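As written, the chains take the letters A, B and C, and residue 1 is the first residue of each chain.
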Amino acid sequence: MDVLNLAHGSFYMIGAYTAYSVVLATHSFWLALLIAPLLLALVGGLLELVFFRRLYRHGHLAQVLLTFGFTLVFVDLIRSGYGPTTRSIAPPPSLGGAVHFLGATFSSYSLFVLGVAVVVGALLLAAWRRLRVGAVLRAGVADKEMAGLLGIDLARVFTLTFAFGAGLAGLAGVIAAPEFAIFPAMDASVLILALVVVVLGGLGSIEGAIVGAAVIGLGYVIGTTLFPQVALVLIFGLMAAVLVVRPTGLFGRR
Amino acid sequence: MDLSIRGLTVRFGAVAALSGVDLEVPAGGRRALIGPNGAGKTTLFDVIAGEQRPAAGTVALGGRDATALPPWQRARLGLGRTFQRSTLFAQLTVAENLALAVRARCRAGWRFWPVRDRELEREVADRLETAHLSGAARRRAGSLGHGEQRRLEIELALAAGPTALLLDEPMAGLSGAERTSAVERLRALPREVTLVIVEHDLDAVFALAERISVLDHGVKIADGTPAEVRADPRVQEVYLGTA
Amino acid sequence: MTVGRGRTLLLLALLVALASLPLWAPRFWIYIGTQALIFAIFAMSLDLLLGYAGLASFGHAAFYGVGAYACGLLALRHVDALIPLLLIGALASAAVAVPIGALSLRATGIYFLMLTLAFAQILWGLAVNWTSLTRGTDGLIGVPRPALPGAGALGFTLNERGPFFILCLAVAVLVFLLLEALTRSPFGRTLEGIRENERRMRALGFPTFRYRLAVFVVGGAIAGLAGSLAAMSNGFATPDLLYWTVSGLVLVAVVVGGSRSLVGPVLGAFLVLIAQLGLSTFVDRWELVLGALFIAFVLFLPRGLVGLVRRA
């Protein structure tokens, strides 16, 4: 929807911390998996209604600055609530084991993460193609008045999309929580990776984001295994290389 | 400068915007390019100017193959153009708009220190006079009325000193009197400047053009003197007949 | 024209107030003033890109950091001459800006913004991981300040806060005047033309890519100069200088002050620095307040402080 949201990493971070709190209070990972995305969708929807709505016509720079302000606020809120130390939660007991497959050992939880990623990706892709959400958003971005004439309530579509995106970020945060550490600077690292993925794949393309994520994920893992010192440099190099050849990303349109 | 376009094909996805278009305009020629909306006239200009890469075909400017040259190098060969929708330097003043074009001709963009250039100021003042824009010199180009913007549009292209000029609907949206003066301005150009004009106003076309080429659905269907084109049955069918 | 005179008067007043600062201000405020001046140079270099050339870089901290590291590395090799130490930062950053610009400038708008961000993060990763050169997260520590020839005879050194503050002020004024001239020069006008309408500039015969690359390198060099001063001022160069939040902070300074004015970013830099250092001294949750401040500015003053004056 042509909005650059630097606070998206914050949504992910808040998702992870919400999971931490819920697990601490109820000892149920599954409850966290339900609550965090809903909470984040609520937060995202509210932010869109109150703040972002006023900025669409001001262009990307205003959005960047506004959301940059929000990242500072969110990080500090989290730090004041939870302190600067690193937290962690255990994966749910049912997924605590290990699976042997093709002679290698995987933790059940990693497979669960993989499964969720595949399901979410597939659902998104299906919704994108079948429900014409993509077409509506693109129309809205390209020509607001025309979309309005076609009877599309753009304001509502934008709010819902934003809330949905925030909810997904929250979901990712919950799922990531048992696998990675939870700490106040986790928003930045994931945000940068997410931006790289999206840019690599091409903006406004779900297919692109999925392929981009796979490329970056693989690149990152291979990088950290083979050359741990320069893994990050490697993936940025990869992104730069792709953009030099295709300035709008792998699946991007002009 | 003469233009020689051979076998030009441009595709947008599956749609062919131009297919196998040839266009030969001799130095000093006055050519009009007409055709219904969507015929590919602006696309053809974009390819000649280097903004759009053709899938096939060649563009030669002044006998030199320019197919692979970027737009700015084609401009330096002497190619100028005006745009269909006035896309001036909206935030800059009218005088500064013209100064940019004059500097483009003198290749004076790489000077890093502000110096008063009286010669440039005099030329800008002269050109403002010619375009009847002297009173608006200090106004922002974006705040001009439509007629004034179109005059500045043409003067801007001329200030860069082209020897071949592509004019994309220079009369669009102008009143009758404004059209007359725009035609006069173009007729007053030195004989050696090549003109290619895309225009829907057929009075202007017949007043300016020696030869006319007709495009329809990306294909050139006719090419000849105004009388020949008028008489062409295919042209009457797709264009004049229905107009 | 009255706006121009008002601007000059404002600048002179600011200059006098600043130059006299070491005479009356408490040491803490001289320190803040020094940091703010360095940040102001940094912000002006970004305004050249953002305001005049229309290039919204979100990775400008890369050049600030590279400048700081270059200066620190040279100073730790027992070079103590002021001019070479200042220039090495600018040169190193210019050298880094050439490939980054050549790649990023192929994209425009939001892609350019993200590419610059990505390249800055690569350099940040290098600063953290290339430990043999940068000493990792600890950074270069104990960077000495340069000697000023003849200053000893007059009884002061750059190790004192007052003289170092004056040095930063002198560099800031010089940069301001240079950029002021540059933006009014034919080169500056050409950049404005490219910002307004790149396609038409190409059609007129300007090699627009080269112009954008040139200004990107100049902007990077000046940011590197600010980085040099930062390394001297702090006595260290750490990866934090290249982190993306620094790029965000300087962008906020430019926009909050008002871009395309050079004065605005200076005001913005002072505001941001005073807010940051002042708040962090007195308030625990200063980042929260700072963030809220930015949000308020973007919402209610989209043209920045200078916009207030311009409208009036």
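Heads up, the rule we're going with is that a residue touches a chain if its C-beta (ideal position, glycine included) is under 8 Å from a C-beta of that chain, and two chains touch if they have at least 3 such contacts.
If you're wondering where the values come from, they're calculated on a predicted model, not measured in any experiment.
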{"item": "Subunit B and subunit A - chains in contact with each", "value": "C"}
{"item": "Nearest-to-centre chain - CA centroid comparison", "value": "C"}
{"item": "Comparison of A-C and B-C by number of C-beta pairs in contact, larger one", "value": "A-C"}
{"item": "Between subunit A and subunit B, centroid-to-centroid distance (C-alpha), Å", "value": "48"}
{"item": "Between subunit A and subunit C, centroid-to-centroid distance (C-alpha), Å", "value": "32"}
{"item": "Whole-Å separation of chain centres (CA-atom averages), subunit B against subunit C", "value": "43"}
{"item": "Residue numbers on subunit B that touch subunit C, as the complex places them", "value": "49-51, 70-73, 75-76, 80-81, 83, 87-92, 96, 99-101, 103-105, 107-115, 156-157, 160"}
{"item": "Touching residues (chain side subunit C, partner subunit B) in the complex", "value": "181-182, 184-190, 192-193, 196-197, 199-208, 211"}
{"item": "List of subunit A residues in touch with subunit C within their complex", "value": "4, 6, 51, 54-55, 58, 60-62, 64-66, 68-77, 79-80, 188, 192, 195-196, 199, 203, 229-230, 232-233, 236-237, 239-240, 243-244, 247-248"}
{"item": "Partner subunit A, residues of subunit C touching it in the complex", "value": "50, 56, 58, 103, 106-107, 109-111, 113-115, 117-119, 121-122, 125-126, 129-130, 244-245, 248, 251-252, 255, 284-288, 290-295, 297-299, 302"}
